[in-house]
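Same chain, two partners: chain A is paired with chain B first, then with chain C.
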Partner chain A sequence: MAFINQKKKEVQVKIVYYGPGRGGKTTNLEYIYNKFNHRIKTEIVAIKTHGDRTLFFDFLPFNIGKIKGYDAKIQLYTVPGQVKYNATRSLVLRGVDGIVFVADAMTVRQDKNILSLENLRENLSLYKKSISKIPLVFQYNKMDLAEQGIPLLSYETLQQTLNSQLKVPAFQASALLGTNVVQTMKKIITMTLTSLQKELE
Partner chain B sequence: MTEKNNTITNEVETRLDELFMEDDSAPDNVPEEKEQNSHKKLRDLKAAILSIDWEINDDIMSSLLHRIKALRKDYQNDRIIFMFLQLLEAVGKYIKTNKGNAHPTSIKLLNSMFYNLEKVIYDSTMPISKRKNILKTEIKRFKILKEQIVGQKGRYEIPEEYEQKIAPAEQEETIVLDQEVIEPSEPSIPVDENTRISAEIAAAVEQIKSVIQSEFNALRADLRQWMKENN
Partner chain C sequence: MSYTLGQKQLDSIEDTLNQDLIELGVQCVVLIDMAGNIIADLHSGEMIHDIYALAALAAGNYGAVSAMAKIIGEDEFSLLFHKGQKENIHFSKVSSEFLLITIFGNHVSLGFLRLKVTEAIEKIKKILEI
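Right, the complex of A and B next:
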């Protein structure tokens, strides 16, 4: 649940980038940071393993100014995608307000996407949250790999596999090149803050 | 969607469009790209420093030193930042050698040095005098740590090879900060200084020995005198 300080007129929302390992969650945050750090004036915090994999989480906080008279503070988190770090993933989800599911569009990663989405559903249920009720956006990442001849799942297949029941917004993206990275982030922030409409009235 | 929802949605969208407009953001020119690369390396270094709180092992420390080395290349023409990196490297090597037995202040110092390095790098408007002062403060802290380590040798053992390892022989120039001249070998624990300190300690021990001896001689004389009187 978002932290809303009525006295200070502050609202703090937590958005988590979830998905299978090596799917591009950290790359999303890095792109946003590298592209806009001169405007959002913040720092990204990343704790990585020796092999540059996310060990705990990445964290990018920034303010977007006043919304409905409240100072809106956004916190973007990633989770470690590797299966063995489920305890950490579950912990990072505590208090989450919105989720970006970064799916890997490579054909060979189809099963990993499905497993990770199922894992998200389970971990949310630990906090009595439902994947069908929380603000959620899909990002089908690595679309740029098509140019290198790497077999990718089509948008339709990804939608069918992951989003046929949830029917939430989805973007084809390349986190490496920045394609639709910002659009994904804007969408989830908008959906999340809109979901807090009542509390902000 | 209700009208109210539309209002907040529009407000958020407008705000986000203003903040994350992509057309006029950082142009992809070469110097900026280079700066971004260095900033990325700095963030990687921060991650390595933060992970020391988590665990100190060879992998983490090697990664930290590797990242410092990469930054040193980028900032070889900025003497203040270069010195900061040398200090970080010296402390990093000391921690790598001693791991859990490292002097507790060394980890605090590593964090404080990095915090100030970040300030110096990110604040491009910072006057040179302020940059120098920040560096001087860290050098002072480094010297205090060296003294503490030397003073407690045994408890926080400095391996002999450490002194050889951390001497930054790569730097050829002398760095002048205002009136203070910092020799290239500053961020190490110089052997000469250790020798001087050892000599001072040895002299002090000799002095104490001689005082104790003279006190014992006086006591023995008193005792002999007292025995004579009682016999």
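Right, the complex of A and C next:
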């Protein structure tokens, strides 16, 4: 739940990158950090395993300047995607304001995407939130792998299997190369702040 | 969804934290919500910690410890304390939504700190009307 500080004229917003294990959530945050590190004065906080898998979360605070006279402080988080880490994954969703669902476009990961989206729906309901009401953006990641001849799900298939009912914005991306990473982030920030507009007036 | 706190409430919270804790010799005190947002932060002297990271970690840590409590059949552990060589960190639940983090050196006695934290929490609850 976003916090609006009238004294400092500041709004703090929590955005969570969700999705199956190895889908590229952490890579999104790393790209954003490297691209904007002149603006971000702190390091990424990462609670991870020795093998660089997220264990609890990654955290990156990001100031985007003034929105309607308020200093907007965006807190970017990732969850651990591996199925076995559901206990910590659900904790990260506490107070979430907007979600990027990072799907893995590799054909072999189709079922993992579907299961993870179902898991998101369940975990949101723990906090009495609905996936169809919260600001949400899809990112179909690893599109760069096409060049290496790795079988990928088409945009149409991904839309059909994940987004046919939700009908939210979706981006084809490569977190590794940075394609559409910033666009994805900008979209979710705009949607989330728009959802808060009334409270900011 | 969001919630708002006004200038008056935030001023009162800061006054309380200042009088009860900073004047006791505590180095830093931060009121956060369980989503990891910072409601108020006070420092004796300069701010020397990355309090945004601290808030995110504290909220996650508190959530993890609460989940552990449930597993072993406890309702909650309302208080957490970590002792370092020079600095110590103390977490105390204000309500189901808010957590108070205190960072203090060895010159502050833990007993006295606990007492003051309890007092401050009572006042904050009144201010937040919870």
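Annotations for the structure displayed:
Just so we're on the same page, the second predicted complex is superposed on the first by the 199 of 201 C-alpha atoms of A that agree within 3 Å, B and C clash if a C-alpha of one lies under 4 Å from a C-alpha of the other, contacts with A are read in each partner's own complex, and residues count from 1 in each chain.
Please note the rule applied: contacts are C-beta pairs under 8 Å (C-beta built on N, C-alpha and C of every residue); 3 or more make two chains touch, one makes a residue touch a chain.
Since the structure is predicted, the reported quantities are computational estimates derived from the model, not experimental observations.
After overlaying the two complexes on the shared chain, residue contacts for A:V45 are found with chain B and with chain C alike. In the superposed pair of complexes, A:M185 makes contact with chain B only, with no contact to chain C. In the superposition on chain A, no contact is made by A:L177 with either chain B or chain C.
By the touch criterion stated above, A:L91 is placed in contact with chain C alone, chain B being left untouched. Of the two partner chains, chain B is the only one touched by A:N34; chain C is not. In the superposition on chain A, contact of A:F57 is made with chain C only, not with chain B.
Once the two complexes are overlaid on the shared chain, A:Q6 sits against chain C while remaining clear of chain B.
Look at A:Y77: by the touch rule set out above, it reaches chain C but stays clear of chain B. In the superposition on chain A, contact is made by A:K68 with chain B only, not with chain C. Shared contact residues of chain A with chain B and chain C: 43, 45, 47.
Interface of chain B with chain A (complex): residues 4-5, 8-9, 11-13, 15-17, 19-20, 22, 25-26, 36, 39-40, 43-44, 46-47, 50-51, 54, 59-60, 63. Residue ranges on chain A touching chain C, taken from their complex, read 1-8, 11-12, 14, 42-43, 45, 47, 56-57, 59, 61, 73, 75, 77, 87-88, 91-92, 94-97, 196, 199. Of all residues in chain A, only 30, 34-40, 43-48, 50, 55, 64-68, 72, 182, 185-186, 189-190, 193-194, 197, 200-201 touch chain B in the complex they form. For chain C in complex with chain A, the residues that touch the partner chain are 1-7, 10-11, 33-39, 50, 52-53, 56-57, 59-60, 63-64, 67.
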